[in-house]
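One chain, chain A, appears in both complexes that follow, with chain B as partner in the first and chain C in the second.
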Partner chain A sequence: MSGPGTFAAARAVLAKELLLERRAPQTLVAMALFSGTAYVIFHFALQRDSVSGNLASGVLWVTVLLAALLGVGRLFVADRDEGGLDGFLLAPVDRTALLFAKTLTLFTFLLALEIVAVPLFDILLLGPSPGIGDWGGVLLVLVLADLGIAVVGTLVAAIAVRTRSRDLITSILALPLLIPVVIGASRATAPIFAAAGAGSLPGRWLAVLALYDLIFALLAWALFDFLVED
Partner chain B sequence: MPTSTKLYGTRLSAWAIAAAIVLTAAFVLAAFYAPIEADQGFSQKIFYVHVPLAIVTLIGFVFGGVSAVQYLRSGDTRHDLRSYTAIHQSLIFCLGALITGSIWAKAAWGQWWVWDEPTLVSFLIVFLLYATYQPLRFSIEDPERQARYAAVFAVVAGAFIPLNFIAVRLADPLIHPRVLSKSGGNLPGDMKLTFYVAIIGMLLLFITLYKYEMTAKHSRAQVRALKRRLGALDQDAPRGRSAAPSVTAS
Partner chain C sequence: MSAIELDGLARRYGDRTALADVTLTLEEGATLIVFGPNGAGKSTLLRVLATLLRPSAGHARIFGSDVRTEGWRVRGRIGFLGHDALLYGDLTAAENLSYQARLHGLRDARERIAQLLEAVGLTARADDRVHTYSRGMVQRLAACRAVLHDPPVLLLDEPRANLDPAAAELLEPLLGRASGRTRVVTSHDPAGGLAEGDVALGLRAGRPVLLRPAADVSAAEIGELYR
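For the complex of A and B:
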């Protein structure tokens, strides 16, 4: 196949996505605002001024997961409405480039969201803050979980964008698929947020997250072409 | 030329009779032959319904995933129909497994739902995922795309099942003593025999219901094709979208 290579094409699409979001911030702003509102809701719903341990871990991951759904829901919408998908399909490039680009877009969005949402969580709700070193462990879990959310989110977004009830399909498909990520991530960060001082990072949950990322990355790679065939 | 030379459902009654006989035998064995389990007493007998239901559910989902792969490779819509029917039936069996599991939990532990029974929790998650299969199909109008996207879903969900089981099982602190290993590995001999007969019976029931649904779909398509040849108005044609794959009489 002539034309630019897969990675060059993926880079171009990724650059386009980030440029769009920078010129007219839409998705990221919504995700960040959502996370702030979610913390306020958790404060009143749980009737707690601060949370720690399992509860803190759960609050953080429910917030990240639901905020991520906002990003997943928007991922392909502009391309479908403005003809970006057709343009991409006409270009002499590998379809996988679109998967790479969209996954990286979602991954970048999630990291950007967490740059705002995690410190906000620390200020608003988290009981005793863990030390600087322990945040490194949280970062590792965030990266592993974000990868899984990005891969599965891209797959679900590519399916849902072609359906009639896009919002419904996105939520009902993505949530059950992401339950293992929630199990792994919330178990992994719970000891770090413990009230009695940060415990060590449980390695087996990192392994579960990494396994999840690997399997769904391979699946997405194998199946994505079928979702953009026309 | 006749509309179709292939007859569907010719051996359906044989399958149905076999399923009825083997299942009845399994229940008779469960009631009179298998010993009363020392710890849980009579309520443990639901084991011979619950576990076969769960195992056949998984077999059906795997078959649905394999058929989906075959559809994606070949584009042959018969594989799509197999995948759809297998997942449809498995979903019903999955609901059965959840309900019987819940009844068992109530009898054994006094609660309708226990979160530290990882297999049951995994089944709930798997059920919630596969329950989106029909809404997904229903929301895609173009039949070819509907089949393709549904196949992608069936493959992803099939791969999700073992991952989900690993994650849920690791999360389980195993508080309750496990009287029986669910694989049947450490069952005494008379329980094992009953258990295997029950699995075979449940599998036969699944195959019967699967073939019944396939037969119904094909015969409806054949009737429609015959009506069209007679010039009648096609009143039975599905209006608008449908979650089921469209069958054309061959």
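For the complex of A and C:
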């Protein structure tokens, strides 16, 4: 019997992941609540009504990164607890399909989170709000950074799910690996959030983010089979 | 061609030997019944055959395909029923089977799913989430998952655990000798196991200590394995 193609299998897993989250919302709700709480904490800790420039950019990306860790930590939970990983591994499909599907799942969760978290950030903390056109630049940075977080997050989650200290492993591995994403994304959005008015999007940092995404996508593709084997 | 060929098959977890030196041949349509106390290596044997664990040494072939190098081909030919149901509790029975059907590349699986649910008496609960099921019902649904793609080989780890006699009878056409499939079945029931097996394998500490036609083995010999 021949199995489905890689993309057909990835579509099946992605559909299942989204159905599970819709059926019993846990990850997205936790990520959104965390983001809102983090903004309140930043508001009081910084003792400022609004932030702009580098500080605003840093607040946004630290919040997104830490909220993303919640999603990374839960990425394989249902598979581990209910045997779904073995269920997938028993199917005659290329195991890379799981990498594609889980990366897309986390990427979708991050975008969904940001639909709530970025406007909330604008309302609660951001100083002068950028113009509508400048938000297009922010969106581009969000997409590039989310891709990097999703790829690295999936890789780390696949390593952590096989260990007993998975929560520790997730944070210990993911945070250092994602430092370049935070640097690139915060440098890229800082001019847009400047108090003196939105500056132009620095192409150099967009290129850094795109290169990071490419390198880790190739690394994940090369390693993933090995990681999900026994 | 033999359905299953094992040649010096071994599996270690670090320094611990879970399975060692298993060599046997099983003809198509035959049943290998595997006995042994807890930790003897029965589940490890099944997981190696299912490609969920890599052999540490030796070879295992299913219909000529090596589990180590041709896992993709092997996975399309086996149905695995282990201690875990491999089902998502927040999905319904129909959704779980539909997901597995997509992973196996089955077209028009709706009819096949309906037939299987009917066969195990779960049609009325097809749209209920699995976490609302009793353990026996979950086991019946797991049996549907294992045979959904009509595999010629079944790997069954104590398949009647959690089942009452009526439910066990319900699963007989799917998992039993009547299914016509080649089967590797683990059991702790000497009399029942020997009755349904063609070849008996006894394991102790991962090593084969008994390998004979089931008809030539007595329940007392199997009992000795557990002492």
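Basically, the second predicted complex is superposed on the first by the 229 of 230 C-alpha atoms of A that agree within 3 Å, B and C clash if a C-alpha of one lies under 4 Å from a C-alpha of the other, contacts with A are read in each partner's own complex, and residues count from 1 in each chain.
Here is the rule we use: a contact is a pair of C-beta atoms (placed from the backbone, for glycine too) under 8 Å apart; a residue touches a chain by one contact, two chains touch by 3 or more.
The structure displayed is predicted, hence computed values, not measured ones.
By the touch criterion defined above, A:I123 reaches neither chain B nor chain C.
By the touch criterion defined above, A:E229 reaches both chain B and chain C. With both structures placed on the common chain, the touch criterion links A:K16 to chain C but leaves chain B unconnected. In the superposed pair of complexes, A:L139 makes contact with neither chain B nor chain C.
By the document's definition of touching, of the two partners only chain B reaches A:L219; chain C does not. When both complexes are overlaid on chain A, the residue A:D86 reaches chain C alone and has no touch with chain B. Legend: residue contacts after superposition of the two complexes on their common chain; A:R187 is shown touching chain B, with no touch to chain C. In the superposed model, A:V40 makes contact with neither chain B nor chain C.
When the shared chain is aligned, no partner comes close enough to touch A:V29: not chain B, not chain C. Overlaid on A, the two complexes show chain B and chain C touching the same residues of chain A, namely 229-230. Within the complex formed with chain A, the chain B residues making contact are 72, 125, 128-129, 132, 135-136, 139-141, 145, 148-149, 151-153, 155-156, 159-160, 163-164, 166-168, 170-171. Across the complex, chain A meets chain B through its residues 155, 159, 162-165, 168-169, 172-173, 175-177, 179-180, 183-184, 187, 204-205, 208, 211-212, 215-216, 219, 223, 226-227, 229-230. The touching residues of chain A, counted against chain C in their complex, run 1-4, 8-9, 11-13, 15-16, 19-20, 23-24, 78, 82-84, 86-94, 229-230. Residues of chain C touching chain A in their complex: 50-54, 72-73, 75-78, 80, 82, 84-91, 95, 99-100, 102-105, 129, 145, 149, 151.
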